[in-house]
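First comes the structure, then the notes that go with it.
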Amino acid sequence: MIVVMEPRASEADIKKVIARIEELGLKAHPSRGTERTVIGVIGDERVIKREQLALLPHVENVIPILKPYRLASREFRPQDSIVDVEGVKVSGKEVVVMAGPCSVESEDQVMRVAEVVRAAGVRIMRGGAYKPRTSPYTFQGLGEDGLKLLAKAREKTGLRIVTEVMESADVDMVAEYADLIQIGARNMHNTKLLRSLAKVKKPVLLKRNFAATLNEFLMSAEYLLSGGNDQVILCERGIRTFVDYTRNTLDLNIVPAVKLLSHLPIIVDPSHGTGRHDLIIPMSRAAIAAGADGLLVEVHPNPAEAFSDGEQALTPDVFVQLMKELRPIASAVARVVV
Amino acid sequence: MIVVMEPRASEADIKKVIARIEELGLKAHPSRGTERTVIGVIGDERVIKREQLALLPHVENVIPILKPYRLASREFRPQDSIVDVEGVKVSGKEVVVMAGPCSVESEDQVMRVAEVVRAAGVRIMRGGAYKPRTSPYTFQGLGEDGLKLLAKAREKTGLRIVTEVMESADVDMVAEYADLIQIGARNMHNTKLLRSLAKVKKPVLLKRNFAATLNEFLMSAEYLLSGGNDQVILCERGIRTFVDYTRNTLDLNIVPAVKLLSHLPIIVDPSHGTGRHDLIIPMSRAAIAAGADGLLVEVHPNPAEAFSDGEQALTPDVFVQLMKELRPIASAVARVVV
Amino acid sequence: MIVVMEPRASEADIKKVIARIEELGLKAHPSRGTERTVIGVIGDERVIKREQLALLPHVENVIPILKPYRLASREFRPQDSIVDVEGVKVSGKEVVVMAGPCSVESEDQVMRVAEVVRAAGVRIMRGGAYKPRTSPYTFQGLGEDGLKLLAKAREKTGLRIVTEVMESADVDMVAEYADLIQIGARNMHNTKLLRSLAKVKKPVLLKRNFAATLNEFLMSAEYLLSGGNDQVILCERGIRTFVDYTRNTLDLNIVPAVKLLSHLPIIVDPSHGTGRHDLIIPMSRAAIAAGADGLLVEVHPNPAEAFSDGEQALTPDVFVQLMKELRPIASAVARVVV
Amino acid sequence: MIVVMEPRASEADIKKVIARIEELGLKAHPSRGTERTVIGVIGDERVIKREQLALLPHVENVIPILKPYRLASREFRPQDSIVDVEGVKVSGKEVVVMAGPCSVESEDQVMRVAEVVRAAGVRIMRGGAYKPRTSPYTFQGLGEDGLKLLAKAREKTGLRIVTEVMESADVDMVAEYADLIQIGARNMHNTKLLRSLAKVKKPVLLKRNFAATLNEFLMSAEYLLSGGNDQVILCERGIRTFVDYTRNTLDLNIVPAVKLLSHLPIIVDPSHGTGRHDLIIPMSRAAIAAGADGLLVEVHPNPAEAFSDGEQALTPDVFVQLMKELRPIASAVARVVV
């Protein structure tokens, strides 16, 4: 942490800051520059709060030096973490495509999609039983009945299941059905939910909130890691910007940035990320080329009649085309799509 | 809803859209333009989903005409709603200032702030017992013990209490202590929490998510209204933009926009909205001048030692100055600050 | 400037950075922390470029300490600068309202607006003769003929004229007609235009680009100041965000922020800032309450037939109402509207 | 264009709108819905301005149906436009990599980079002689001397030259030296410059402003096309968002979006788009995988000593690595990198 003093700060002001730093158990290291004095704080700056120094007289700015996350950092763990979803390894050589409907709607729908995606090579099926919807007047998910349909599909097809949990009260129940538990973008900041999932013995898929910075995203992962769950997969799903031709702005830049700063796997959701079915294939190719460890894609047998988000779902035919186009891209970055 | 056909759409494509509209129980009204045919949908468009029409062949775009919210709209209720917080009326002639610490830290701290704000004319005290924090390594609130301290302050001072609830499981407990229950910005999209609060007989303070559009904000209010709770106060607290000299960008434009479109009261939180104590007085004046029904302001006896958000808290002295500066502004817009 | 070394940086890496700093004519001041070494750079950091240090081996980050602007800073000049527009003082006790049509369209239109705004107390009239339009198919301004009409209005009414120049080639010509020369938002980064205007003996109204940070805005002012023109008025006119109920997001937070960091006057354009005539009165009140030194407002005798931006123009009646509502607000912040 | 009436609009209000539409030479087609009447406007809506209808009494909204651009649209020209830069075809089978220094600094620097990039397969070299810089205290480019050095490099190596022009006064001069003339991001809205370049017989590289929507980007292209120059290459170079780990947010989504809506080629600048040399290789791979027709990449023999933007420049070695990694990606999307 660096404390920058205002030019008009007196010697007494500087001494006050130094005294406060020492009182907090750290060491101060002042440099008197030509325009300003800056004071380095030596020791673990995470134990103090900015304002303990920022609000002292004639302090101009307090600049943190250390990253706020520890366990999620590549410094803490230099090698890539591989997350195991019932035998499917995320962050290894394989690019893992997870696919399925936005919402679980009926047994027939789930089974049809399960067959389609399995036939195309998919080993993890997505499907939502609890849906956070903008409008109270729209379908909110089948709840536990939906989870049962997903379990049935798993039994029949061998597919693993990834599904969202929305509240800590439901964590145990969802964990019974899911192989990978999703924290949705709207819940990335839900610290109660994060704490509950930290205690579960299942891997977690953590989606980036549409207004989250990289630091905030990794700090949510830090809740899971520091609470005892190190099976965490990150997922980029689009951010909110001024752009209006896509529903969100899929931010692929975060993929190589995460790879530099963290050991955690990261996958990409081009369905929510763009909100447009006609952009999903090119943006999926781009995600893999950027280094993503997998994809999360919406597939529906009849998108026009989907209970939710039909405009961003692929038909079975287009999904097969997607898988076909991903293979040479994966191979170009020395990976494989099963 | 308006369906815009592509220029290359054939007569058969147009007929297909019309047939689908009628199948959905609505009436179609085509206009054949020089470049495109557009088809008006007559009836309550809220019963259909965009994609039921958008994914038909050669449909270029589907444009909604009606606003997605009903009960929150001024069309539904032309006169202003007045929310009663144990006798304090929000949205009447009085500009209601709610003030207090970010977090409840100790009995001494709460009592000191309570005295300060009451003496300055405040009748509703804020204070957080459950804190959604970015870092798992920081103070997360005193929980129910904090609520008890707030209740004690109420008993002693007569101040009403506004405090945040973070999960539906805690709603009943928090409702026992609070006079006004806050839904934090991170939970504006938490539909389970919204549904729980819709059933409580207490007014709700709904904070805007930092990435929420006006429609989304009013749709969260719609969850409360349609679920049975019409005692809803909106609160603007800053949005996320590229701007870096404030922690968030306080968006005062939403104040008069809400007044045009909705009957609900709206207050402004300049503390979170700017994240800088030195901008709070001018932005509070601006909020009242823009038409806000009140403010939510952080006050701490010693901001440098606050357990959270000290950089945006006012000292007691500066808070007194704020109240003094608000009075002539309120009077300039024909309102009063008590 | 602070150079943060990676944890794995060796003693040799640190020495290399120190040597480079000294080679560049500055002094290095290393602090060896528990997790990282940081090296303070002593001297005027503005003479070196970040990358001269950032790209050395095992440098993690380079953090600037000094603000990039000098002449525009309040440190350089602690008291407010007052800009004189032919006798109208901007940044004094008076809140200066500049008003007029978006585009100059005809003699009749200019004269009618001139009468209206003068009668309401305005002393500076705005009017565009050169219009930067998004579409090549729309009205682009009358050019010099428009300037002549503005001059005629000045002669007849005594109003001063503010008008935009779009290219350095036109600066001398526009300077002949204008009392205050406007640099539009799209040209805030146009360094050639800034350099030309730095040499003109007329005050300049510099509008913030809709994607400019505060530093960038003040750096554009720095082009003018360092080039020899210290008669600069800043103007906030809305930034681009995800928000869709206003055309732009008027960012009033910049008003008190500029007052803290700079000595330059700042006014607010609520017409472009919101893009909606029905939000202009409340946001104008808010701007003055936030501390703005004036307003730039569009007025048109018949907005529905304006050649440009009619939806954000006020009718004469509404403009009179605006002026009426501003007076008590100005008075509440110890200022006056003439 | 669709005019949506307020629910309270009377029959007389509706008639007034219809009369106005007819007066403007178009036909009106009203649909009386259950909650609102909407009126379709039949004919070329581009001849009227929104506000001519929006400001009539009890009009709630006016919604455009047609896209604002014509010549840039794929409707106007269904097949891809191929732009010829002295024999190098952009938008054909070849992915065209343009590379070189941010600024031209010296003959030695230009010649060294020219050799490096040519050896790696590049056929168009970039280099800036006029630099729009945020700070007046930094290097602003060598001007015409820089152009001469670029011409010398062309002579010696056979490389084509792409370089920026900043003002219409310089267009003829820059056109003498350049094979492809760049309009920088800060000038995308500079209509005078666009009009000048429309008259030049050279292809233009139009960079997206960092706050431009897709419509605005294509409307700038429309200035060129409608003015007579149809040799236009678009270039995505990052947008401004709340994200802080990249200097800008490279928005690859625009690549497939442009391919759907327009016939113009589009390339990607990952150097400005990310601002970080360590993200350029993965984001370049992603750009090609998304369907981009080429790249614009900064290369410098010694980035730490570059006069501008050194942190985003590749060293010669890393550039060679980039080219190597692009080849299999290009091949995966059925294209080639020479």
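Labels A, B, C and D are assigned to the chains in the order they are written; within every chain, residues are numbered from 1.
Here is the rule we go by: a residue touches a chain if its C-beta (ideal position, glycine included) is under 8 Å from a C-beta of that chain, and two chains touch if they have at least 3 such contacts.
Keep in mind that what you see is a predicted model, and the values were worked out from it rather than measured.
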Those chains which touch chain D and also touch chain C:
A, B
Reference chain B; chain at largest CA-centroid distance
D
Whole-Å separation of chain centres (CA-atom averages), chain B against chain D
38
Between chain B and chain C, tell me the centre distance in angstrom, where each centre is the average of that chain's C-alpha atoms.
31
Multi-chain contact residues (two or more partners), chain A:
211, 240-242, 244
Considering the complex alone, what residue numbers of chain A touch chain B?
46, 49-52, 54-56, 68, 132-138, 140, 166-169, 186-187, 189-192, 194, 209-211, 215-216, 219, 222-223, 226-227, 240, 303-306, 309-311
For the chain C and chain B complex, residues of the former touching the latter
211, 213-214, 239, 241-246, 249-257, 259-260, 273-274, 278-279, 282-283, 285-291, 328-329, 331-333
Interfacial residue positions of chain C with respect to chain A in the complex:
2, 4, 7, 29, 31-36, 38, 40-44, 61, 63, 65-66, 75, 240-242, 244
